[in-house]
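Note that chain A is present in both complexes that follow, paired respectively with chain B and with chain C.
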Partner chain A sequence: MMGMFHLIRKNLTRKKLRTLFTLLSIIIAFVLFSLLGGLSRAFSLGVEVAGADRLITMHRVSFIQPVPLSYVARVNAIEGVETAMHQTWFGGYFQDPRQQIGLFPTDLETLREVYPEYKVPDQQWQNLLRNQTGILVGQTMADNYGWSVGDRIPMFSSIFPQQDGSYSWDMDIEAIFTGSGNNADEMQVFMHYDYFNEARAFGRDTVGWIVTKISDPEQADQVAAAIDLRFANSPTETKSSTEAGWTAGFAAQVGNIGLMVQMVLACVFFTLLLITGNTMAQAVRERTSELAVLKTIGFSDRRVLFMVLGESMTVAIVGGVIGLALGYVFIQGAAASLSQFLPGLAMSPSAGLTGVLVAIGLGFITGILPAWQAGRLKVIDALSRG
Partner chain B sequence: MNTRPQDSANASENIIRVEGVTKSFKKGRESVEVLHQLDLEIQKGEFCALMGPSGSGKTTLLNLIGGLDHPSAGQISVSGARIDQMNSRKLARWRSSHVGFIFQFYNLMPVLTAQRNVELPLLLKKMSGRERSKRASTALEIVGLQDRAKHLPRELSGGQEQRVAIARAIVSDPDVLLADEPTGDLDRETAGEILDLLSTLNQRHGKTILMVTHDPVAAERATRVVHMDKGRLIESASSAGTTGTS
Partner chain C sequence: MSQTLAITLQSLRSLPSRLGPSLVAIVGVAGVVAVLVAVLSMANGFRATLSGAALEDNVVVLRTGSSSELDSGFDGEQARLIAQSEELSMASRELYVMVEIAKKGIGTYANVPFRGVEAEASQMRKDFEIVEGQMFEPGRKQLIAGIGASGQFEGLEPGNTLVFGTERWDVVGVFTAGGGAAESELWTDAPVLQGAYRRGNTFSIVYGRLENTDNFNVLNDRLSNDPRLSVQVERETDYLAAQSEILASFISVVGYGIAILMALGAMFGALNTMYSAVSDRSREIATLRALGFAPRSIVISIMIEAFVLALIGGLIGALLAYVFFNGLTVSTLNFASFTQVVFAFAVTPDLLIQGIVLALIIGLIGGLAPAIRAARMPIVAALRE
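Entry: the complex of A and B
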């Protein structure tokens, strides 16, 4: 077996420059695969982590239009609703206005009921509820900014000034939560709505949207319809959907990232298929007489087929794995600096596995035809040509 | 047509037996017969030279005896095995153990060292890398090239390349060596050395050799010379002077 590997390795290195360029093209394709896959994941992550038992109710026109705070109590009264709470986009940033933070004024007392996946130490939770300027910070966010419990930080809003005209809001970090295990939900900050509502210069007693926990996810569509019906023909009509649907719709505002990624990757891999396939075919054509000699000394058709296929698959797998590894490194680097904008930017294990399978498939597809031709090679014809 | 060096030879000693072999090739719609009802017997331990003009069918006969092609009709037995009845897979396995091939242009793998080239046929055997290496070294020693084991073919002279090719042919200890113009690409002196080596393999190691050649000087080294023309055997002469015709 080792002898066959040696033969495959030697065949691959006989034209070093050609193998290097083929390898480079595969590596680049798989770096792209990793980066675009990571990007696609970042945009769809919100959908993945969205709860099946939560509904989002927003203004019928747009989510930037506020809805009355009084709606929350009315939603709570609808059959099938377990708990309703609200959130508002604060437009917050810390020091750098270009780095927006997902900061939401909300009813902190009900937050843990609606989002049970958020874990907060009890003592910190009690301190948070007692302090009106206290905020609850996601672990990843705290790590990124080097914040810890007890810190007092000046947070700014790009939307809401205080009544004194200041856009600066002093806040105390009272609690840090861990989420479902991904960066997306841990890149959020929650503050007391009452503090925000009383201090802001405009928009009092309105909220951005309502988050409803329902008792039966199977009844999500009926409950959503009931909520919207409740506010039909009012000055502020609503549009309700599941959290996953709402998040997907939000991501779609940027464009159909998944489709774009798939199209770009399809083009890249189709081109790669042609380049690598042609290279492999050429490499086999050049060695016709050598393959014939191997058959003469007893190599079976099948063994020759597997040898050529092995060469193709070795190049594809080695290139693919290197490309995926480089892509992982690039994504890790990018994730650190883009964590504010793309908190889910990462390469998932399943994406890595898919990449390896794609590499195996690529090696097989590009190698099978030349390998089949090599396997069927007639010794007599090949020797007389050679 | 039956050509034998000695009438008294026992049929059971024939390592190669070709009986009524015909070979035709398709050329467009036509079928061209290049071997016609050919019979040939070669005894174990013979060094037989196959001579004849270009297109007489020498190489075709050699390929059939080596199991590289199937006859259109007739029977071929080598070392007691009916190779005309084997499929390509069985033939490949059979070739790896029973015949060694030596080509005019050596046909070594340019990316492998002399040692690795010699080891190639042993990749088909179940043996350890150490055992493979040991056997290849022995084969290289027999052809006098143990000091060139780590050299690539491009670092060797033509004669040395052919010696490596001979080592590759004998490494799996086959019964029969089939050589197609083994000295055709070499100068007279080097050709003489290669023929000396083949004679040694024949006389000292008991290898049966069938050698296709155009060169009468090369043919003189054989114990028996068989002439072919237009797909038929026309004359057979042993070194003892016995002559037969087809």
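Entry: the complex of A and C
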């Protein structure tokens, strides 16, 4: 067995340049594979983490149309609804109007019931509830802007002026929360609805949409239908869907582009695999006569087969693992600078695992045919050919 | 010179016998070029659609601090003040909202921009023309659809009635507007849209045509200093370019990033191909050297071989991108306005040239090192191999 590893190593280092180039293109293929995984995750925007036990109810015509605040209490009375709360798009920005912030006036007391996965230290939570101008900021968002608890910041709304006509709103960072490990969660900020509602110049007593926690996720469709039926034929009809369904619908709006980027990456990946596969196969073919010599001196067919397969597997796995590791580093770097635009950009453990499996598969597929040929090689043919 | 020519022709003639490895290099390069051209043509098409039909004379007046029409807003009086500016020869006070309509084919809902306009709006858009049906009648719940929107979303054919919530709208026409952003929109009469969306007498923006294009600063100064208003005035060209910037630059960055990574991969493929071409022919090259051929001729001939392979790959890739992507119409969410933009991929000569140049760079790097090795090969050792 040791002898075989020795032979594999010797064979791989014989033409160092070729092995190096093959290795490098495999590494690049797997860097691209990681990006593919990261992007497709980003474009499906947290669908996998969105709660199946939460419904989103918004204006039937479009989500920019407000819903009356009174609807929240009426939704609460519907059977199957555990807690209903509301959110509104504030159109917030800090200093640069082009960098919109996901800032939502909401009922902070129920927020924690509906989103139990948001973790806030107790003391901060108490302070937040006591201070009308206090806000709750996601960890990633706070890191991006360099905010910490206790800061007082002027936030701007691109939509809502205060009654004095000013678009600037003073806010105190009272609490910072961590989400379920998804950057998308932590790119949000929540403020007290009462502060917002009493001070704003227009749109009093309306909310953007209603988020409902339901008691039984199995009943989600029935509860959604019951909510919409409750407001049917009223001036403000609603449309309810599960949170996961809503994010999926939103991702579908980006649609073509997300799909296109993924398709392109998939093509790229397979082109590179084709190139490296061919090179590896060629490296074996060139050595036909040498393999025949090994057989002459007593190597069994199986041993030759495993040796050749071992070579291609080694290259593929080493290249694959390095590529995935580099890809991970790339994505971490990109996620920080793209967090405004693609908050979900991250490499999931399952994507890493798939990558390793693909690398093993690549080594096997590119190695098996030459290995099989080498195993079946008739010594006399090979020697006379060479 | 004749030496170089002779070797080059000879090595090119022998290419078919080295088909396998040569194909690998060609496929690799073709892939790189196809991807680069395709992705950049997407960014190109998006940019061209959003800002291609913008006119230098047109101005867009938004509320200060708003990033797009969606979050801009004026009450009727402010909008009237702006629209009546003496520097403007035409003006339209417009209300911009969105409506959810199903995408054709997949059936998922998407935000389609819905614009309420005044009479002069159509004269201010470049090459506005009703190509099917007729213009909406003021005061009635009728709308016309841009040709892009009409192609991508369901039910936007003249004669159809759409139901948005409790409202029913008749589609009466389809329009073109010089290939610009308006073609992704639905248009109706502004007061009708105000009523339907319960917006009272408010507008999102004021579109205007400058009497004289040099008066932009005059208008800007006067409106900015008017205490009754809080506005930002932008030329249509600048406004629309900014709207396309986020997404177009994102696509470009992704496109160049992928292409560069992939070019590296293809380069290693090409290096392998050329090294094996050199080592396959080492005896032949040594013989030529022994006969007195200069090392320079050998280097050049190998470089030319690499260039030829890269060029073939580049041309195939460019052709593939052109055939499959040019004119392909898709729609996506423009993050700047949160609404759908319908656009077509635009494969321009400029992109094809960029693709071919990239192919030649891959050929250059992939061929240089092997060529130098071939020229430096000790003759005696190579002959004995």
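We adopt the following convention: the second predicted complex is superposed on the first by the 371 of 386 C-alpha atoms of A that agree within 3 Å, B and C clash if a C-alpha of one lies under 4 Å from a C-alpha of the other, contacts with A are read in each partner's own complex, and residues count from 1 in each chain.
By our rule, a contact is a pair of C-beta atoms (placed from the backbone, for glycine too) under 8 Å apart; a residue touches a chain by one contact, two chains touch by 3 or more.
All values derive from a computational prediction rather than experimental measurement.
Once chain A of one complex is fitted onto chain A of the other, the partner contacts of A:Gly91 are limited to chain C, with no touch recorded for chain B.
Of the two partners chain B and chain C, more chain A residues are in touch with C.
By the touch criterion defined above, A:Pro217 reaches neither chain B nor chain C. By the touch criterion defined above, A:Pro121 lies against neither chain B nor chain C after alignment on the C-alpha atoms of chain A. Once the two complexes are laid over each other on the shared chain, residue contacts for A:Ser300 go to chain B alone; chain C is not touched. In the superposition on chain A, contact of A:Thr13 is made with chain B only, not with chain C.
Of the two partner chains placed by superposition, only chain C is touched by A:Val264; chain B is not. For the contact definition in use here, the chain B contact set and the chain C contact set of chain A share no residue.
Interface residues of chain A, counted against chain C in their complex, comprise 17-18, 21-22, 24-25, 28-29, 31-32, 35, 59-65, 91, 93, 97-98, 100, 156, 158-159, 165, 167, 233, 235-237, 249, 252-257, 260-261, 264-265, 267-268, 271-272, 274-276, 278-279, 282, 341. For chain A in complex with chain B, the touching residues are 2-4, 6-7, 10-11, 13-14, 289-290, 293-303, 379-380, 383, 386. Residues of chain C touching chain A in their complex: 20-21, 24, 27-28, 31, 34-35, 38-39, 42, 64-67, 70-71, 73, 97-100, 103, 106, 108-111, 164-167, 197, 230, 246-247, 250-251, 254, 258, 261-262, 264-266, 268-269, 271-272, 275-276, 330-333, 335, 340. Residues 63, 66, 68-69, 88-89, 92-97, 100-101, 103, 105, 107, 109-112, 116, 119-124, 129, 132, 168 of chain B touch chain A in their complex.
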